[in-house]
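Please see the structure below; I have some questions.
Chain lettering (A, B and C) follows the sequence in which the chains are written, and residue indices restart at 1 in each chain.
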């Protein structure tokens, strides 16, 4: 627990220093993306890593947050009100969908999440009050925390860093709580967990609601950052997949897994692809997809799991 | 005072198969009841029904004065029934201490209390030296011990043990018997499935024999060993 | 009695169902034999469609290209099993979910890289007309695609039910350990299942090019429908997949007409949720 807090502190200081030193907007953009993905991956990790119920529908929660912010802007409300309502909507959907769906396990559950998110996407594309398939473009406002619009990327990096720190703290608390133990037990063996009094559905539901809320928060930040929401780039299956894959690459059910996965995603896939001039041509997908295949086949415990094994081996040897 | 557990005429069907077809059992408080029967008699199914893992098709289960048949598994556990599995169900990626802590959390929601309780229980069952070993790396005998510890950590009133002695060496079996006596000494009621009558004879207060889903005998170990119906169930019909 | 467009819709629904059936049978076959859901199934279909496109560019019409595409996909599927999926099976259960998902991302990326996101179609010279049957009018491409799918589906069914290898495959899907004891080479069965499952989408891809266009993300829509079909019929059940596919075809066509084409997939997905929640073993699945 203490080591987790120390690493978190060091990470935050390092990222802050990095953001202050580099002036390059491309690198700041990548840093923001990496932090946001780390948040999304960790939120996903609560349900799909610790509790082992693999969701491929998190774009729906992401969309709740993004559309909450966009609607607030459209109707001239404070973005903070939009963020709050997005979070509430995501949590409500999580409750309504999670309750029946947690009767399912394995691929039955995963496909159900895809189906639910797909229904959401089709609905949004046909809903006038959300401006349908066109999406919503934000009206520009004077920069500041009140409007949650900024002229530079630096405040965004710090905002994302704060949310990242919050989510990591929550995860440290989770690992050292009854809920953390219960979720891991449910993942390992739901039947045996029930035999010692664990109500799997109730705990999974709590995890999903928290996860949906954090994902919605990240969705709001993303929308305020890009100042546009379109169903295709917010709600479609590839978004759900990239959220899940950040969690997998880093390592399921591990505190630093999503952060490492996000780092890999941002700097390996996006950066390398951009350097090779292939982004938008699918090269990032190739690199990332290939990486996931390798990890799934060779190191199913992900990068964080591998690092851990290395340390464990060193300790044994030394 | 009434018996802790009273099962009456339980039925359980899997499709057309009648796994339980008139199973009855009474477990007195603080005593060890042995449940025996040939392969496929329905012993494990009986445990699954009592613990709430599956719903019986018909029949009554009274535990501590209240009817519990059909209640959800985790709810029954909270009422004070804990079990081990014949085919071990360990939390593979959790250490022994963590797995037993999951059990202890049922009565001690604070993690630090639960860990302390779990550490005690691990010592009690003799797994102390393995407390930081992952569940998947244990030997079968230790996995069974881990299951007992996990169940005990919930501080149950009734403990259902499904073939925990199977495959133990004679020395290990002797240690296990001593452990059972200590558990009984703590006032915990035990119902225990074993294939081999000899194991149960010296420790059981009461024997129930199950054959083809039906209770065919209920009485003292001595009477069981001399009952013709029991012998027939085990050895086949007498040759005339 | 005035039936209106109903007969036309029913026929279109069933015909669409035949093609779904072929895709879903491949998926359910793989699942049945080794409990793996191939999330990249749609991408295999996409590859088959691009291959068909390639053949048409050198002058081979889709119907003639079909056997070649199916064979190519057979080899591809068996190859993917040998070098990749086999390793996933050794890992934790999630590994096969993520592994095949990784494959999905990889194949989509490769398609986008080599073929760009442009939408392409085959210059279908052979079947351009339509067939009339009383009030019902069916486009020739749809009819040929559906009948072709039906034929391949029947061939597959006969293979599974009546050949030695097919029986071995069924034995493997019923009880892997017993199959090993009976001397069945499970690794070979697995590779074969991947080969045949992929050949199914190979054939389906060739037939689909008669009526659809291909682009890198074309697989997702079909794969999702295939999941629904397979769940509906019961994971692992070949007959179930067939029945499920026709149901889904009908639901899609009727939903598209009576509600709106834009939301035609919503009833399909709802159907999945309702079925897995109320009857997790599917309509014809065993438990």
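As a convention for this text, a contact is a pair of C-beta atoms (placed from the backbone, for glycine too) under 8 Å apart; a residue touches a chain by one contact, two chains touch by 3 or more.
Keep in mind that what you see is a predicted model, and the values were worked out from it rather than measured.
Following the contact convention of this document, no chain is adjacent to both chain A and chain C. Across the assembly, the chain pair joined by the most C-beta contact pairs is A-C.
In this view the innermost chain, defined by its CA centroid being closest to the centroid of all protein CA atoms, is A. Summarising the inter-chain layout, the chain whose CA centre lies farthest from the centre of chain C is B. Here the CA centre of chain A is 31 Å from the CA centre of chain C. Spacing of chain B relative to chain C, judged by their CA centroids, is 47 angstrom.
One simple way to say how far apart two chains are is to compare their mean CA positions; for chain A and chain B this gives 43 Å.
Of all residues in chain A, only 176-178, 181-182, 184-185, 188-189, 191-200 touch chain B in the complex they form. Listed in rising order, the residues of chain A touching chain C in the complex are 52, 54, 56, 100-101, 103-104, 106-108, 110-112, 114-116, 118-119, 122-123, 125-126, 237, 241, 244-245, 248, 252, 278, 281-293, 295-298, 300. The touching residues of chain C, counted against chain A in their complex, run 37, 84, 87-88, 91-99, 101-113, 116, 216, 220, 224, 227-228, 231, 235, 260, 262-263, 265-266, 269-270, 272-273, 276-277, 280.
By the touch rule above, chain B contacts chain A in their complex via residues 51, 53, 72-75, 77-78, 82-83, 85, 89-94, 98-99, 101-103, 105-106, 109-111, 114, 135, 150-151, 153-154.
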